[in-house]
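Note that the chains are named A, B and C in the order they appear, and that numbering of residues resets to 1 at the start of each chain.
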């Protein structure tokens, strides 16, 4: 291999290192938003659902990923007796991913049977919220 | 074109794909912050304005872009009868961009005539807050 | 230098521009979270400390950097008479960085002698929170 080849190959390898960054930047452009619910206030729960709906209405359901994470004092939003249970079901029908924090459930002796049907679970709601941001999702705390 | 040319051109095209990522990373370094106001509490409105002022004082007005977005129960901050109307005007004089959510206005039958003069408008405040983060702005909810 | 050399060098220089972006993307993958405390509510202070602990438990203390910034009405969390003073000390022992806003202290005539021992200080808490996000940290407002 002569010097010309060597230079081109070095350039090629440097460029390939940079490619994941380009892909990450592209991924960041997608409309993705994680909505935090950590208050025990049903008005906040309704606001969170309104916010999700407004984003879908403005951008089109197909053009945005929305994940709602309830933890701590906000977990009540996703319990069977939640005042906004019907609206949570509607949001899930509209493609919003709804997730409850298992740590909060354990600490408060709440079982999955006490929770709304069809919701998702993560071990730690806070970690989910952190990692979504690291994956380029926007954050919203209504 | 021989193999040497081909290699160099491949490298060139890969590098050019990566360039927008490099520019995006540079853009992320700028001081830009979107401040969310979604509470109906005038103390929160004052805190949001204090926060904007502190950022400008610490970094210099010319070195930071600040956008304040009021929506939902926070819209009252930008109504004509707002308790902090004078301070909102001051903030705008200091270069803070102040924006109201038209969805909230429609839902509450509030017209632009009911709002403080010279503020800006977006269709959905939540979408503005999401997109600013996707453009690399920091998020603050006072 | 002939055309082949020139092409390879151009590719090389473009790739080197893109490299910092690749490194920044790697840095973003680390688990780093800045937790904002700006409410005067001791329940919120306890929730912030619970959140920090849950992140450390779920990911392992060594695998996450946590910074808690108290400012405005949240500064009381870090005063000598704070109801959660013992838990703040525990969190610091566990590696959580705890920081108070000097602007808030000045505005409220609070001296460092009035504050919990061993905590850190920044001039403007809001600027710290903004800059951490610009460095790729996730944001949490419990």
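The definition used in the following text is that a contact is a pair of C-beta atoms (placed from the backbone, for glycine too) under 8 Å apart; a residue touches a chain by one contact, two chains touch by 3 or more.
In this text, all values refer to a predicted model and were calculated from it rather than measured experimentally.
Undergrad: Quick one: do these chains touch in a line, a ring, a star, all-to-all (complete), or other?
TA: Drawn as a graph, the chains make a fully connected set, so complete.
Undergrad: Same residues or different residues: which describes how chain A and chain C meet, taking over half shared numbers as same?
TA: Different: when the shared numbers are divided by all numbers used, the fraction is under half.
Undergrad: Rotating chain A so that its CA atoms sit on those of chain B: what angle is that, to a multiple of 5 degrees?
TA: To map chain A onto chain B, rotate by about 120 degrees.
Undergrad: How many Å are there between the centre of chain A and the centre of chain C, using C-alpha atoms for each centre?
TA: Each chain's C-alpha centroid was found; their separation is 21 Å.
Undergrad: In chain C, what residues contact two or more other chains?
TA: In chain C, 4, 7-8, 11-12, 14-15, 18, 21-22, 24-25, 139, 141 touch at least two other chains.
Undergrad: For the complex, give me every residue of chain B touching chain A.
TA: Going by the criterion above, the answer is residues 4, 7-8, 10-12, 14-15, 17-18, 20-22, 24-25, 36, 38, 72-73, 103, 123-124, 126-127, 129-131, 133-134, 139, 141.
Undergrad: Taking the touch rule as given, give the residues of chain C at its contact with chain A in the complex, in rising order.
TA: 4-5, 7-9, 11-12, 14-16, 18-19, 21-22, 24-25, 28-29, 31, 33, 43, 47, 50-51, 54-55, 57-59, 136, 138-142
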